[in-house]
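These are the structures, in structure tokens.
Presented sequentially are two complexes of chain A, the first with chain B as partner and the second with chain C.
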Partner chain A sequence: MSAVAAKPQAGGAINPGAMAVGIVLLIILLGIAYVVSPGIGLMALIGVIIGGVLIGFGVHFVPVGGAPAAMGQAPGIATGVAMLAAGAGLAGLFGGAWAAEQGLEMAVVTGAIGGGMMMAITCMMVNFVYVFGMGIPAASGKVAKDPITGDTQAEYKSQGTEGHGLPFVSFVGGVIGGILGGAGGTLIYIELLELYKTTLPGVMKVTSAQAEPIAVSVAGIFAIALFLVNAVLTAYNITGTIEGPHDPKFKRWPRAIVASAVASALCGLVAILIVVM
Partner chain B sequence: MSVKVEVIEGGVPHSKILIAGFVGTLVCLYLTYLNVLTTHTGMFAFFGGLAAVIALIWGSHTIKVLCSYGIGTGVPSAGMIAFGSGTIAFLFATKFGDAAPIVAVVLAAVVGFILGWVSNNVLNMRIPAMVQALTEMAVVGALTLMGFAALMTGGFTFTGLTSVSVGTTMGTNTFLGGCLIAVAFLLGAIAIQHPFNACLGPGWKQDRMLMLTAECGFLSMIVAAIMSYALVDHVSATISLIVALVGWVYTYKEYIVLSRRDAAAWLDSKPIPEVEGH
Partner chain C sequence: MVDIVFGIGITALTGALATIAGAAEDTESNIGSQGDPNSQVQLAPQMGFMHRIFNKAVAGEPPAYGLWCALGAGLAWAFMAMYPNPVLAIVLGSVLAVIVQGVYATTAYLGRTASLAKFGQPVYVDILKSMTTVTMAHAFIAIFGTVALCQLINGALEHPFPLPLLGLIWGVTLGAAGSATGNPYYGKERQYQNQKFGAGVPISASGNIVRYAEAGERNSLDNGWFTAKIGGAASGLCFGLIVFLELWRTILFEKSFDGWGAVIVGILVILIFTIIDRYIEVWARKNYGPYSEIKEASS
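For the complex of A and B:
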């Protein structure tokens, strides 16, 4: 297949059959969790799935610019989803992990604030570099007016580009994405940490003090792994770049919800089987 | 976006690299089992590092197959999903003792297959190589982590990775307790995605990219070997370090030779230019 003759097949269309199969798969995975561990395991898995879906949905808000943004030819932050989501999510996750001892709600809120702050700082410094370093104004290529401020965009957009810089709506989207991602990552971590803290001493036949570092470490690496899987699947959904919540690609989010739920359920189930089998 | 930008021209076909990588990795992983057979030394831990290098070579070629289809998300994302899904399979597989590498392969293949199916159907990617590539990459991720685990601790079982030393109150001096797995994760994830990211383009040559992968793998192995001083005896760790250093120097020199072969021209510049008249 040559590059000229081939037509891009992936698009915004939703594949209802596959979505249905995905939901059935999700129910099967939840059923397995119910069979092997009806109490603590199932609750942990539900928490992991909610966290994964939050991450998948949150990434849609983040203005990912990729290589074109680095050249000032498209709006957004000039890197890929994997790096950006990992940065925001892990900042949130580390923030939330510090607050893990103060309960679930406090930890999740702290994680959300951590992720949101990381994205706010990133977005602001990106605009500093764009405006003062590269000398380009912020202009969206996808909408005529900024949905939040109402500023017109066309006057500031250079010819031959899809827009550049980071318009206000993208900034807000980035912060919302960071909040959702940080909260999701922390939720996964806390749920798995509670599960491992309860079960690992029995599985390994050691004291809870000896098992705690292992519980923290395994829950942390699982949270990072799940975060990256969800972020990359969402990146596939938006085919790499998105401007923020005003981008037409944002409407593809239902696909990412199903994909993230299935992926999180699958990976979360394996994470739970480690201690209950 | 399944526009295939470039085709695989020349070089070894992917199926051969797949089989060689798969067999080589498993053989090297099981060679670390000599540690258990020969009076519990850690001297054969370096085979774990070699397993990781072989798996990385296989994985970087899989990334080349997948990313030739212009998936639009950048090459690093492929490395991240490989290790994200691989970690999960690896940790579960360590519970199965001596069968751990086999379980890791099977479980990672299942996880990778489902993730590939989700990407292709639910997310409507419609990329022909997607399912196979994500399956392979999950296996590569799991086996690379297992290789690094074997290199750092001398074994690959859950007990070996978490066993609490007598007299300690906290289990921090282990592969999992000390979260060395996080370092192994990124050492592998960067080594698997960098070579194709660096070598892609019209001048792509298979042998040059794979040599760069080996070089990145040995570089990661050096770091892992230094970290293994904390977990295995010093003689074993030194053996691992020497193997890693020799491998890295050799592959680095070979990579420079191959780069010069493929370059249009090059200029040997001196590190500090001598300015006349001062």
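For the complex of A and C:
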């Protein structure tokens, strides 16, 4: 079947063979980490993979309408999937990094709330502009009723469009996406920070105090990089736009989880090898 | 930990800087026509509608501002290492970052518009001369505001991240907030002013953007003037609220409830914005009513 003849599949389209290859790759990468650094390196890699998976899963919740949303032709936020998720996740990472001294749990939760706050404010302002700036109510194009509020959607769609604005379920999805992204980004940062704090003084032959600013910077750069890798990877899985957890495209998340885990493992391994080899 | 009153003052200042930066970012992206609505500027000549709108989708706004703010912050950081004058360093860093933005804007306009030559769209040199400097001026305000707030966060509030990294983080967030909030207002309300108010643009109308002003042909300065009134202000408010509330909850409540105070306040803030959002949604449904009522009555 040619690419033109193939019908787009909104939901499933899970390829078990590719998933199996991905899981094998993941096990190989974990094995390499176990060989080169069985203790702290392996633990850091597991943390990075969990963080990457959280980001990849979280991006599916973020309601992104892209260019059609900018003309009120489709629901969602009028920007790119990866970039909006990155904005929320990095805002969370900022808060999480600040709370790093207070322990892993505190930092991850603080990062999660930071990402959720960014998305809550942004989603509210999107509806503010649609309603008070453009006189357009929110309407979903994918479901007849909002799964949370039960509000009917079809009659609030203006003629010739697929909907517009952010129905309540999309708002909630955005906040959940921000929470997961902020938590994932912060988890990656904390795991790499601990690794670098422990290993850098020996590698660079400096004191712990001298190594700390370098550890913070390198862990921060890798956390941002891993965030972008996972966000962009998931954007390919979503293919353009998604309304949130009620969108049929949301069902594609399993393959993004495997892809995010493999990509995070590969990138995380590089981040580990620079200090343990 | 810094003194709490000092922290609140810095938080207020960063919130104000973020508000100005957000408003300038959205106005810059609308004058330069960057972001998702630019798809229509690119599409219009292909549908037979020639125009004098600037066309510089260098990248999505978040990565573009991530680059420019990281560049400004990195250069400011380097200047501060040489000369102990943060204000001058931030200004110089922002100026150099804006020069890069200007180069990108120029090449983007020339490249993107030249690619439309087969559809008859001319490259207007006067547009290039008059618009580029205006986008650069707005970009300077946005970058300076963001780099300055990053310096306050790093220097005064003692955030562990170095200045260039903070520039990247808040630059990406600035672009995300500005494009999310400001794009619909430019894309629907200004580009499609010829369509009905209070409804989305029908997909069949894509590309038929408004090309004429009160006198003569519309250009991007007209678009910046229009969108600054609501889209720009809303973008500024959005980014200002994000920065202010993130810092405010940390500075004031970090020590409360055995360290969980900032988290609890964050959850409360999310709940408050959820309630406000729901109120706005219900208000719109009640006051604007369904579109298909008339159709149902006639059928």
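Points to keep in mind about this one:
In the analysis below, the second predicted complex is superposed on the first by the 265 of 277 C-alpha atoms of A that agree within 3 Å, B and C clash if a C-alpha of one lies under 4 Å from a C-alpha of the other, contacts with A are read in each partner's own complex, and residues count from 1 in each chain.
FYI, a residue touches a chain if its C-beta (ideal position, glycine included) is under 8 Å from a C-beta of that chain, and two chains touch if they have at least 3 such contacts.
Just so we're clear, the structure is a prediction, and the values are computed from it rather than from any experiment.
Annotation for the three-chain superposition on chain A: chain B and chain C clash.
Of the two partner chains placed around the shared chain by superposition, neither chain B nor chain C is touched by A:Leu45. In the superposed model, A:Ala183 lies in contact with neither chain B nor chain C.
In the overlay built on the shared chain, the residue A:Ile224 is in contact with chain B and with chain C. In the superposed pair of complexes, A:Val108 makes contact with neither chain B nor chain C. When the shared chain is aligned, chain C comes close enough to touch A:Gly116, but chain B does not.
Residue contacts after overlaying the shared chain place A:Thr241 against chain B, while chain C stays out of touching range.
Of the two partner chains, chain B and chain C are each touched by A:Gly66.
Looking at the shared chain after the overlay, A:Ala211 reaches chain B, while chain C stays out of its contact range. Once the two complexes are overlaid on the shared chain, A:Ile14 sits against chain B while remaining clear of chain C. Shared contact residues on chain A (touching chain B in one structure, chain C in the other): 66-67, 80, 83, 86, 213, 216-217, 220-221, 224. Touching chain B in their complex are the following residues of chain A: 1-3, 6, 8-11, 13-15, 18-19, 21-22, 25, 66-67, 80-83, 86, 204, 206-207, 209-214, 216-218, 220-222, 224-229, 231-233, 235-237, 239-241, 255-256, 258-259, 262-263, 266-267, 270-271, 273-274, 277.
Against chain A, in their complex, chain C makes its touches with residues 35-37, 39-40, 60-63, 159-162, 165-166, 168-170, 172-173, 175-177, 179-189, 191-192, 196-206, 230-231, 234-235, 237-238, 241-242, 245-246, 249-250, 254, 259-260, 262-263, 266-267, 269-270, 273-274, 276-278, 280-281, 283-285, 288, 290-293, 296.
Looking at the complex, you find that chain B touches chain A at residues 1-5, 71-74, 76-78, 80-81, 83-85, 87-89, 91-92, 95, 107, 111, 114-115, 118-119, 121-127, 162, 164, 168-172, 174, 176-179, 181-182, 185. Only residues 66-73, 77-80, 83-84, 86-88, 90-91, 93-95, 97-100, 102, 106, 109-110, 113-114, 116-118, 120-138, 149, 151, 154-168, 171-172, 175, 213, 216-217, 220-221, 224 of chain A touch chain C when the two sit together in their complex.
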